[in-house]
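Below you'll find the structures, each written out as structure tokens.
Here chain A shows up in two complexes: once beside chain B, once beside chain C.
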Partner chain A sequence: MTVIDRRDFLRRTALASAAAAAATLVPGATFGVEWLEAQQGPISWKKAPCRFCGTGCGLLIGISEGRAIGVQGDPDSPVNKGLCCVKGYHSVQALYGRDRIRRAMVRRNGRLVEVPLSEALDVVAERLQATIRDHGKDAVAMYGSGQWTIPDGYAALKLFKGGIGTNNVEANARLCMASAVTGFMTSFGLDEPMGCYEDIDHADVFVLWGNNMAEMHPVLFSRILERKRLHPDVRIIDLATRTTRTSYASDRSVLFQPQTDLALANAICHEIIRNHWIDDSFVREHVSFKKGKTDIGYGLEERFSFADEARDADFDEYVEFLDDYTSDLVAEISGVPADEIRYLASLYGDPAKNVVSFWCMGVNQHVRGTWMNNLIYNIHLLVGKISKPGNSPFSLTGQPSACGTVREVGTLTHKLPHGAVTSEDARKMAAEIWQVPEDRIPDKPTYDTVQMFRALDRGDIRFVWIQVTNPMVSLPKLARYREGALKEDRFVVVSDVYPTPTTDVADVVLPSAMWIEREGMFGNSERRTQHWEKMLEPPGEAMSDTWQIIEVARRAGHAALFPWTEENHIEEIWREYTRFHDEPDHRMASYEDLRARPGVMWPYVNGRETRWRYNAAHDPVADPDLGFDFYGHPDHRAWIWLRPYEEAAEVPDDEYPFWLCTGRVLEHWHTGSLTRRIPVLHRAMPKAYVEIASEDARELGIVNGEQVRLVTRRGSMLIEARVDYRGQPARGQVFVPFFDEALLVNDLTLDAYCPISKQPDYKKCAVRVERVGRGSS
Partner chain B sequence: MRGARRARGAGELVKGVNRPSPAGSLFRRVGLILLAVLAMIQVTVLLRPGPEDGDGFRTVSTVQEPDARLPIASELGPFRDLFGAFSAVPLGEKSPHVVVPTRADRRSRRAFEGAPPFIPHPLEPETERTQDCAPCHEFGGYNPLLRTYAPRAPHPEKTNCLQCHVRPVTTGIFVESDWVYVDWPPYGAGGVIEGSPPTVPHSLQMREHCLACHGGAAAAPDIRTPHPERFNCRQCHVPAPGNDEFVRPSPVGEGR
Partner chain C sequence: MPVCGYVVVPRPGEKERLRAALARIHECEVVPAENAEILLLVTSADTTREDERLRRQVEELPGVQALLLTFGEVDPDMTNEAGVLP
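On to the complex of A and B.
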């Protein structure tokens, strides 16, 4: 503090003499120190996408004398138009937690000790090579996240798939939006939304599927509310399993029983067909019908594997399939009154109304997540409300670059930047751009995230490098994977900015430069890539994740893959990476365009962003003769899938009578390792709690604020009960936020997942709620 | 600190009404007892913990409930409608019911200049869900429950309020922060020339409605306008000049 005070004093002294000098030159004018200071403009404002969720708000970061001092919303950003949420406004404070990791640490005799960074990088490279030598290349793995910048993910992918030659690359995004990807791939053959946020400004009806947008995507929710304020006829429908801020702000709140969204979506389609609300010509010209396997399991077996199969179906078969989903039958399963289902169908079916559906984790973290994504597309396809302004099924993302890095770069076991590893063309292309032998890249995927951590536990994987994510808080059925990571002869490298439960299990901790302490790009939910420049020096020896990978690659004999300098590597990576996407269906903006603009949406063709894909009026790739051209599929059609309702993996019973749902809260982002270091966010949400329905609480004799015990087949925890607080679960359900590393609800969750996407279901397992009264155990 | 002084005047008013009678010892005794009782009541009233005590936030000075005889309505002018009936009463000058927020209050509620302030008062549990902040903050005005003036939201059209404004429930901290509050813009950044209207030293984003902060009883005195009746603020107060110097382009024909 004294340093700053002295510096401030010196500056003020200098300014005062300057003011006195100025006053002698211009008689009659006064130049106060304050006035001069205001004119000095010591603050520069630089653009960056927000560090947190997948909305990708444009921020202006105030930088003064080497420190970030404030944030404004970027009025030029088409995403948020100047508005942020409390996390975005305070995001820069996440740089200044006192326990920032500034030096590398290596575990010696059971304790992490500080070492020079270069020494730690040597240790990582040596251990990487030794593990490959002793156990094979599939014994080493990289685990990142949608918080990786695009260059981070690209460097990781290139080193592991192009250098080492293993497909052991996964990312937290598997836990977050894998079902969205497989939903897109199966329905359209290409990933990522056809529409964009601008759809909000053209819609008449918003249907939110299990999506508490008011807290989780608040800036987009405000854009919806703004639309409604200007157009009072707009309707917002909240379809959910619990009552939240979103429900209160909506015109209608519809509660359904967990897992029955599958039946509900089919019932809406049934009503649309029964009432002849179907868009006949659209369906005839642009839609095919497919069916896949049913009764597909939950991925709970140790070496579970599953591959779906698309078989042809037709409209008649589809209509027959939907006979099981009349409103009356579904009302019984879902608890949603039949009239309510008909009303929902009428909103989708009204030809005069534009409808946007939004969803995020409620649909994706679902043992039938892929199916749920398909089913929402089915509704929009039946009524032809897709790829048009204001008509959009829109899958939101939770991490800032889940789309940009994980999905577009392809940091998943089965992916390459363009296409899947199983495709010979895709491997050829990668081998050519990377200048590596074609057989370097294996043609079979290895482990999805859950299987990767199972393999670490079993010992099939011996070395894992975790960057920019916190799996020791976020993995389901966590205890098993924590024990696995701690086993003898498992080597865990963690690159992070703060100590977390994941750095606790690390053998090497590498200090990372965070966000605006390095140059990078993120890609948000609406296909928008956003660049920022390095604005601050990272603390201590902290280094960007990209450069850490390059340093280790050089030490491990893969220097030729990364022939760049520290100054130019981001730009060079961008130029190389975009060669993978040099077709008009995915062309990306140039490095220069990215620097100059608040963000650019791909496909970016002839200097124009494509706001609505597959629509020939907007998408230069779509065949104008077809009007709508779903060119991702060989038949140029979108596919309606016959996906039935199947039960959840674990359903409440007498012993565990409640549903346990986990999720986020407004103040904390993901596992809270950043947001909890922002004082105002911690103060507003200092710890996790369990929300219980008031009727259930009364029955169990639990009062607000009391400690209760939650017990599942995996574990138990003591936690404070909240009754009629921010969210109100329906009877028979409880909700716990997962951000709190001191109250790890993931010790209780189940690692069941969608067999197609391999994304775990964090929203449904069976739990018992015990009152911790005096005298009880 | 004008408001604090006025708030203290509350005691004078009570004393005036209950002056002890000079006639007779009985009366004197009763009067003394009455006085003592009144003093006790006053002490209780004055020392009654404010709604925020115990939260670690600065509590404002004690306030008297509005009195129907006093021109509270005059303060509603700028709060009601910019183009409606307007009061020229400089707020805080004539009403004793003003809780005066200080610059320190303002600063203590923001992580940095321009940050959305946190909510300094308790929230009803249902407000956590309903976000029904408009009754107090759409137009501002006196809130008898909290015994203070609610500031008017400078952007009442935004209704997902808790998206930006959160309610702290603890003063604790997860990990100490090395964040530094930089005083920017400097308060009192004046006009360019002696007597000229001060420039606007801050961004207008989310703060287009000047009177929400610069007028009304909830405004901090050091940024309160002395002329709230002149509502076309930016006619005189322009954004603070930047560093761009005006350089005349080369005269036509130069170098010929």
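On to the complex of A and C.
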């Protein structure tokens, strides 16, 4: 390897970065490859999906002399068409943080000490086996991530469910999109969107439900803005609880009171029916009406359990149910003027307009998240604006493989790669493919994520292996779970690339190979699977999470499950995994196709991607005689649900008079463990803050930059106030981003969740704001 | 040790003159697009103050219509040191 000095490396990176940006500004611009290569050494550009959000932008990574030196958007990718956001452009710098974990560590006498990786893997395997021997197989657990590659998740699932025989597998995607899954399953009987990003190119109206796309999905938002630039009649509507960059770029910003989106969605449906904007034939031929349980709780009780029940309803009952949601009544609850509600309904109801609804965490991190998903589908189903180009209710994801790994592989307690553990057929299929006894896979789910960490706190779980996620920053009501993890006789293994508050509680830390340092696949929000090859050697003894699992499995007596070599295991895992999806409704691309193309959408049938599911004109599985065929349900219909407005788990009162909402910012991705090590991004957003409405700040005597104390029933924190900043909350609300491990806002949040999806609500709890003063602490 | 990358948009008809002007500045490295009115620029300075001065100098060149920062590095106490260098 040629030795280059630090300045030369930076200079090359700067040049590659400028070239990538210029290619976006002036598509087709070239800069003389020979000159560039003479300056920089030969650069090879290799495709990979971005490692950050769920959009799944295709990137070209510039590799020179064994280093990643630049990024450009892949012009061949149908996702981003050569665009990139600030995180994507700088993503390769996250590989090179100086505190990168290169060696394994084991806690001895209270301190983490470096050991050879093989020794650490021995320790993990021994402790795994000892815990099972002493406390039973349900005392061990795996907690992964929507950043797990597909092979990572598959190996974890196979080891724990097929090898050990416990359903104790969860992933942080429970915290970000479980409500989307239960929404899809209850409304359509099958998970994941019916449409695709191409809907953007055909839509006339975009309704963004609690979704700050300008910061969280900036490339998709750029595509929306481009659509509007080319078609000035296009309308963008921002429905939110706070004013953001998305609001400013929209044609109309509609602010509603937290939790009242439930009422708002029902009011839109009420107006659609009242004004006869309903698509009668579509509803008659393709929709059934259902009602479930109400007053369903918030999951706050220890060992909480809930099962919904779908009971038949009919259109008349639905109309009567909606009588409680007239625009005037909902205006009082939501704070949205009745005329605005009627306007929103008219947009959905106009037969000449194609409408796409987008949502993400605002809808999903909600104590009635499943219901909110159902209610948005209700709107689209009433007007027949679904499964057609430009007409799409579209749930976005926040992580690069929340869909590909967690939802499709099934790395959740109740799931298998095909079907649920409660299904005998699904267990049989898994047992056959994995060549394990059928009774190895238990028929009952164990713990969702919140319950899993409650079980760790109680001692029902004694061993947990955490990969590619940082729960000691991201769990709600964090203090309880941090203390639980630190208890005597708990054993925590963490695989990661940087030190985090989660590695701080670890007994063993395993150094992970990151992203392009190993081969892998991700699956994005639009059902697109993307493959990348190994481009770099990982530092030190870092090893891919997949191979870590295989190494531990071999040490723990499960070698037969993983009869592959380091060279072929990703390909072999893909071949085995896709046997679970060998039906036309979910058929996936071959390994060879994935290698050759910038991603392939499933269902992939006879060499063709399915862009719009359930529509016989596009979906080979749909019955042509039906036209639209919602084949996920036995009645081949989509289900409109009667879901009422119910209050949040905790609402402001005299003692805690503000709503606390948490979320993300453009520069940082999730808990910031990667993006805070990218200097440009860290400098742009170095620490967390609390946004306060200017009227509230004035009343409390708080000025911009001043320290305030936030207090909830769970805890308190000191943090800088921001008034009239990037986002502006409505009166009575505050917002804090969660990326900053030095300011753990989740010590304040509540672990209430949607009883159906078990996804926590990070957007709503009650908080008090106390003035402290500039520079005080 | 600030190193910055820029895309430089010249005023109409000024690309060649601007390229030459930039090439005369010792700390600048300039790459013209072969087929577009655009330049790539990398600046290297020893100190933050020097970097500021250099940026102002470039901005004040008469042929510059726009200067777009695409890359800016690096605080000596931050990342990208031990990880990448042999």
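Keep in mind that, in the parts below, the second predicted complex is superposed on the first by the 732 of 777 C-alpha atoms of A that agree within 3 Å, B and C clash if a C-alpha of one lies under 4 Å from a C-alpha of the other, contacts with A are read in each partner's own complex, and residues count from 1 in each chain.
The criterion applied here is as follows: a residue touches a chain if its C-beta (ideal position, glycine included) is under 8 Å from a C-beta of that chain, and two chains touch if they have at least 3 such contacts.
Since this is a predicted model, take the numbers as computed values, not measurements.
A count of residues in chain A touched by chain B and by chain C gives the higher number to B.
Shared-chain residue A:Q728: touches chain B; no touch with chain C. Shared-chain residue A:V219: touches chain B; no touch with chain C. In the superposition on chain A, A:R480 makes contact with neither chain B nor chain C.
Look at A:A249: by the touch rule set out above, it reaches chain B but stays clear of chain C.
When the shared chain is aligned, chain B and chain C each come close enough to touch A:Y89. In the superposition on chain A, A:V680 makes contact with both chain B and chain C. With both structures placed on the common chain, the touch criterion links A:I43 to chain B but leaves chain C unconnected.
Taken together, the two structures place residues 4, 28-30, 32, 35, 67, 89, 93, 96-99, 677-680, 682-683 of chain A in contact with chain B in one case and with chain C in the other. Here chain A touches chain B in the complex through residues 4, 28-30, 32, 34-35, 37-41, 43, 62, 64, 67, 69-73, 75, 82-86, 89-90, 93, 96-99, 214, 218-219, 221-222, 225-226, 229, 243-245, 247-249, 498, 666-667, 676-686, 724-728, going by the rule given at the top. On chain C, the positions that touch chain A within their shared complex are 1, 3-7, 29, 31-36, 38, 40-42, 44, 68, 70-75, 78-86.
Interface residues of chain B facing chain A in the complex, by the touch rule stated above, are 111-116, 118, 125-126, 128-131, 157-160, 162-180, 182, 184-190, 192-194, 199, 201, 203, 205-206, 240-243.
Across the complex, chain C is touched by residues 1, 3-7, 9-11, 13-22, 25-26, 28-32, 35-36, 67, 89, 93, 95-100, 539, 677-680, 682-683 of chain A.
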